[in-house]
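In the two complexes below, chain A is the common chain; its partner is chain B in one and chain C in the other.
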Partner chain A sequence: MPGQRRHTYWVYLVPGLALLTLVVLVPLVWNVYLTFTSYRGIRPPEFVGLDNWVELAGDTVFWTSFRNSVAMVVAMVVVPTGLGLVLAAMLFDLVGKKFGGRVASFLRATYYLPQILPGVIAAIVIGWILRPQNGALNTVLGAVGLDALQANWLGDPRTALPSIMVVLVWVQIGYPVVIFMAALQRVDPELYEAAELDGAGWFQRFRAITVSIIRPEIFVVVLTCAIAALKVFGPVYALTGGGPGTSTIVPAYYAYSEFFQSQQVGYGATIATALTVVIAVLAVAFVLVQARLERAEEQGR
Partner chain B sequence: MTAQPTTAPGTLVPAQGGPPRERTPAPRRRARRTVGDWATLALAVAVGALIAVPFLLILVNSFKSPADYSTGGPLSLPSALYTDGIVAFWERVDFPQKLWNSFVISGLVAVFAVTLSVLNAFALGIGRIKGRTWVVLLILLANMLPQEVLLYPLYFMFKEVGLYNSIWSVVIIFTVIQSAFGTYLLASVYGTFPKEMLEAAALDGASRLQILLRVVVPISRPTLSVLLIFFFIWTWNEFLIPLTFLVSNDVQTVPVAVTVLQGDRLMDVTTTSASALLGLLPTLVFFLVFQRTLTRGITAGAVK
Partner chain C sequence: MRNSRLQIGTTVLVVGALALAACGGGGDDAAAGGEGDTLRLWHFESDTSAMGIAWEEAIATFEEETGATVEFEERSFEQIRTTASQVLNSDEAPDILEYNKGNATAGLLASQGLLSPLDDAVEEYGWDSQLAPALQTTARYDESGIMGSGSWYGVPNYGEFVEFYYNEDMFAEYGVEVPTSTEELEVAMQTFADAGVTPLAEAASEYPLGQLWYQLALSKADREWVDSYQLYADDVDFTGEQISYATETVKAWSDAGYISSDATGLAAEDAGVAFIDGEYPMFYSGSWWHNRFTTEIEGFEFGTFLYPGAEMSPGSAGNMWVIPVEARNPELAAQFIDITMRPEIQALIGNNGGVPVAADPADIEDEKSQELIENFNTLNERDGLAFYPDWPTATFYDDLNAGLQELLNGTLTPAEVNEQLGQQYADGVADITG
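Showing the complex of A and B:
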């Protein structure tokens, strides 16, 4: 059967590609067109050439939003991947072996809990804890005599961004733990035993065996989380609306507010397109680096 | 998301829930627990507790009266069981309606997106049509793009055809977005489908459609059920597009309804807590019911 009129399989792609064209490709092209127009949503778009792009290059809010994206990458990629590695290794290597798989599974499920919440609900939960008046965090700080540390966590430009970052770490941490724990099942236990006999400490084993064997999963986690970090919208919308000032604005929220609050559709489209370009470049670069590393490793053997 | 092939989930991932690795039951080891082991366990439990604290706080405070809250603060247990906050929020947003909307949207998207993924993956993974890598990449675009890029053109398009402010706009959009991931995953699963089985069916005179429905779909049912649950929960949690396209009360989803009320001055602090509780409860129940399938699916999706 394979080989026999292979081209007729294309029929099965027709609904998928038709819908993709309608929902993704046409809007994408349309969006790029809008970046060359001044469009306020009422009168027809007016062609203005590169004006939006020139404005974008000199727009300090835009650059602030990208600087905040770096903070989001720290909160959603760097910290969860690092912590997730240690937690997964801890659960798998020590807790699972010494205290049984059920204990490890239960803890893993607990870590994963914030991941299943709608992002905005998670944000509301945390926002409620961070309320300046009678919020749980300030109450705890007061109760243990640390009144000096109490703050208007989301209302103060100095603490708003770190507060959102903490929320994102809380939301994200379960994802790498679950994936890394699954990956660890590939590791041959004899490797650990041999290393242990050779006198390697836990950290040495962690670095030399754990991290090197689950590297493919680390790559997948880093890439998917990085894309998610650049696209962050819900928590910012629900917690701070980008404020106070522009201290927590991110590109996705900036584009949204240009679309629907300022009615600057052309400019919003430009921000969104710039974000797309960044994500695409990142994804391609990442895949290339990963492929190169894999090739180097194969040759090294 | 990368364009690397994934292997069939079933072959990779052992069942969850049991001991993480049956290969090393090592009872002799379990006997030797050192102080360091207990310290590690304590640390792991402490991290779990820290992650769970917000959930417990929400639970405790949803059942407090505002007066109780102002005297006892957020950390005390309720002095009396108070359900007015939950009732008030329930009625103000017409919660059953929101639940139903979320349920219908997520359910339809899950079914449509799995169907679409199967059709795409049949052509790509089993048909191995020419240029399939590029087609997969093209389809994956739907998943990688920031949704803001689609927002305005789609807003305009759906307004033109009268689907703006209808759940169908959201159903159509997420069917395409979710099926991108489904196609990516299933295409590689189908790439490893046993050829003999397809050939045997063809010799028996089965048409291509019959092969798809009677051979391919039944055999890949475990993967399809994981995708179904994934798509349901992902769509349930979506925010930006439902917020933009579902503007009137009777079509809004749970996350949108909970969020748009946050600025409401009438919301006292315990009602806010109650709204968060009601917002997280459905996904929590769903998680508890499908925990095993979900964790299996997460690992299936990520492992190359």
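Showing the complex of A and C:
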């Protein structure tokens, strides 16, 4: 019977829902509750109303951390997605055709390599490379006569954030390249051939065919990378600890330091909750925009 | 931390704590079987460190004398630091563990009721007569978890302090004598700077520069000022003579080339290794480097001296033994502590590069260790251990590093750094004292 079948269907969701409740919902609700408390992680939380939120609103370090998050979005979303699109299209459309699939696959794997390295280990090695004294980068710059470009990369507020951004671009670039190249498998090669015969150049084919067809994947990449950028922690923890000063602090690191260094768990939870809200709003906005674009596209057909 | 990681971390902690609470009653059959004569002990010293060697001997002595078994679990410093409050709050707590001293650590746990007061044991064993007054400060905490008064919550049995390490060969090469005053120190540093050598190995992304900053303040301070700064006995004026002198001098020394502005991108390890490699003639840091310098420096002789012209220096008792409230065998734990205070165990610390708390230099065979312990005893005799700059608040370590980085980078003036630090200090103290 149809009604019974629907009933049975729900049974299969129970394990997933139970896990979701235990691993996500309970900690989330607990985390939100802690934002209204003064809690040092040992004795029971003490209710303090909106104190933490009021403090957060006037906390310059918190706002600095969110400004730095914008830089992280540039480094982990804007640049890798743009570059990834161009690289994927070139690997698929040019390199793959001229040098064969193996060369394209090798290059794709090369771009993806930083993604499979443990992040903190990569960050430690990069920290050695960027060291002001005896660091590989400064040594190389000195060896080729570019002494003027040598810098205290992670110790100077003018270069610390850009240095971390470059590292993040390097880490992140492989992800969109792999996704976009997989997506391009869906594109009928005849479309490219037809466009080529009609006299369309590479860039015109890229814009009209590549970008247009793989738009859903672009949305997925942008959304997942944006979330990763907002909650970035590892490189900041391992490379600069948020410094010098607060020039590279990000919300996730600030929450961590309040949680585990200051043991101000209530305030740390407030930062984490604020971050969660931003990420949730962003995700919902993305999904809505994507749905609207898809509807518009379907209606246009 | 990524938010999801934070949530997962919280969940793991909550679930872990629940699991521990759920299975704690009958979970440890081995301990339950022989609870009366098992001492469960945690510490974080490596096997080859002075304390690791001494604790191993103390464990052997303890087992021999009491007939009890020691169940030793090696934990990392970070493990104990980040999970102590959860574990000590459960019945999985060990009987005794080595724990970090200070308001934000042992003080916090004591104020939250997780550590046993040790006043009776101190009286019974007479540990108070073995520890100099400054060493007792970090062992006692009041109801708010502020050190210096109240009940005993821990027993330290080694010490640590900050001093100058210098490269004797470089001093000889540039004709520099060991300075005996701040003026002579500045002349010495200028001699090196004139020769194109940066005199001080420094790091500002971690503690070394913060300790130098505090030492500069101490050179203008007395015990009353230290008590105000560390124990909140009175307000601390961050525009006053001590801190103004410290911040302005760090800036002046940086401008004069005594401290490289690269220090903002360097960690303590970088500075220490650069000293080991003979790149700098001087390194101002803790006694915990001493054994490493002894074993790793090749190609030159190193010596040590206390900061010239100052009565006090950063330093304190080392980390200490604490007994959790949930310990099953607190009496055995106290017996173990007493064994670690014996002269033969103390001498083991001293002869392996550590700083015992009540050592007679005559018991120490190694010449360099003698110098180290003599410096410590000199400080102790003049009541010169002034603790560490970051102790007053939970966040001051990061605050101070950040402020000094901005000072060296020139993004903040000394006055701005002092104002910022003063505000952060006041906020942190308010958090602790309510």
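One rule holds in what follows: the second predicted complex is superposed on the first by the 283 of 301 C-alpha atoms of A that agree within 3 Å, B and C clash if a C-alpha of one lies under 4 Å from a C-alpha of the other, contacts with A are read in each partner's own complex, and residues count from 1 in each chain.
The rule is short, and it goes like this: a residue touches a chain if its C-beta (ideal position, glycine included) is under 8 Å from a C-beta of that chain, and two chains touch if they have at least 3 such contacts.
Only a predicted model underlies this, so the values are computations on that prediction, with no experimental measurement involved.
Of the two partner chains, chain B is the only one that A:95 touches; chain C does not reach it.
When chain B and chain C are set side by side, the one touching more residues of chain A is B. When the two structures are aligned on the shared chain, A:279 is found in touch with chain B and with chain C.
Of the two partner chains, chain B and chain C are each touched by A:252. Touch criterion met: A:243 reaches chain C, while chain B stays clear of it.
Of the two partner chains placed by superposition, only chain C is touched by A:156; chain B is not. Residue contacts after overlaying the shared chain place A:225 against neither chain B nor chain C.
In the superposition on chain A, A:43 makes contact with chain C only, while chain B stays out of contact range.
When both complexes are overlaid on chain A, the residue A:56 reaches neither chain B nor chain C.
Residue contacts after overlaying the shared chain place A:30 against chain B and chain C alike.
In the superposition on chain A, chain A positions 22-24, 26-28, 30-31, 131, 231, 233, 237, 252, 255-256, 259-260, 268, 272, 275-276, 279 are in contact with chain B in one complex as well as with chain C in the other.
Contact residues of chain A toward chain B in the complex are 1-2, 4, 6-13, 15-17, 19-20, 22-28, 30-31, 34, 87, 90-92, 94-105, 107-114, 116-122, 124-129, 131, 134-136, 139-140, 143, 170, 173-175, 178-179, 181-185, 189, 216-217, 219-221, 223-224, 227, 230-231, 233-234, 237-238, 251-252, 255-256, 259-260, 265, 268-269, 271-273, 275-276, 279-280, 283, 286-287, 290. By the touch rule above, chain A contacts chain C in their complex via residues 22-24, 26-28, 30-31, 40-43, 130-133, 152-157, 231-233, 237, 240-246, 252-253, 255-257, 259-264, 268, 272, 275-276, 279. By the touch criterion given at the top, residues 1-8, 10-11, 14-15, 82, 85-86, 89, 104, 108-109, 112-114, 204-205, 260-266, 270, 274, 394-395, 397-398, 401-403, 405-406, 409, 411-412, 431 of chain C touch chain A in their complex. Residue ranges on chain B touching chain A, taken from their complex, read 1-3, 13-14, 16-21, 23-24, 26, 29-30, 33, 37, 40-41, 43-45, 47-48, 51-52, 54-55, 57-58, 69-70, 73-75, 116, 119-120, 122-124, 126-130, 135, 138-139, 141-142, 144-154, 157, 172-173, 175-177, 179-180, 183, 195, 198-199, 201-202, 208, 211-212, 233, 236-240, 243-244, 254-255, 258-259, 262, 269, 272-273, 275-276, 279-280, 283-284, 286-287, 291, 294-295, 298-299, 302-304.
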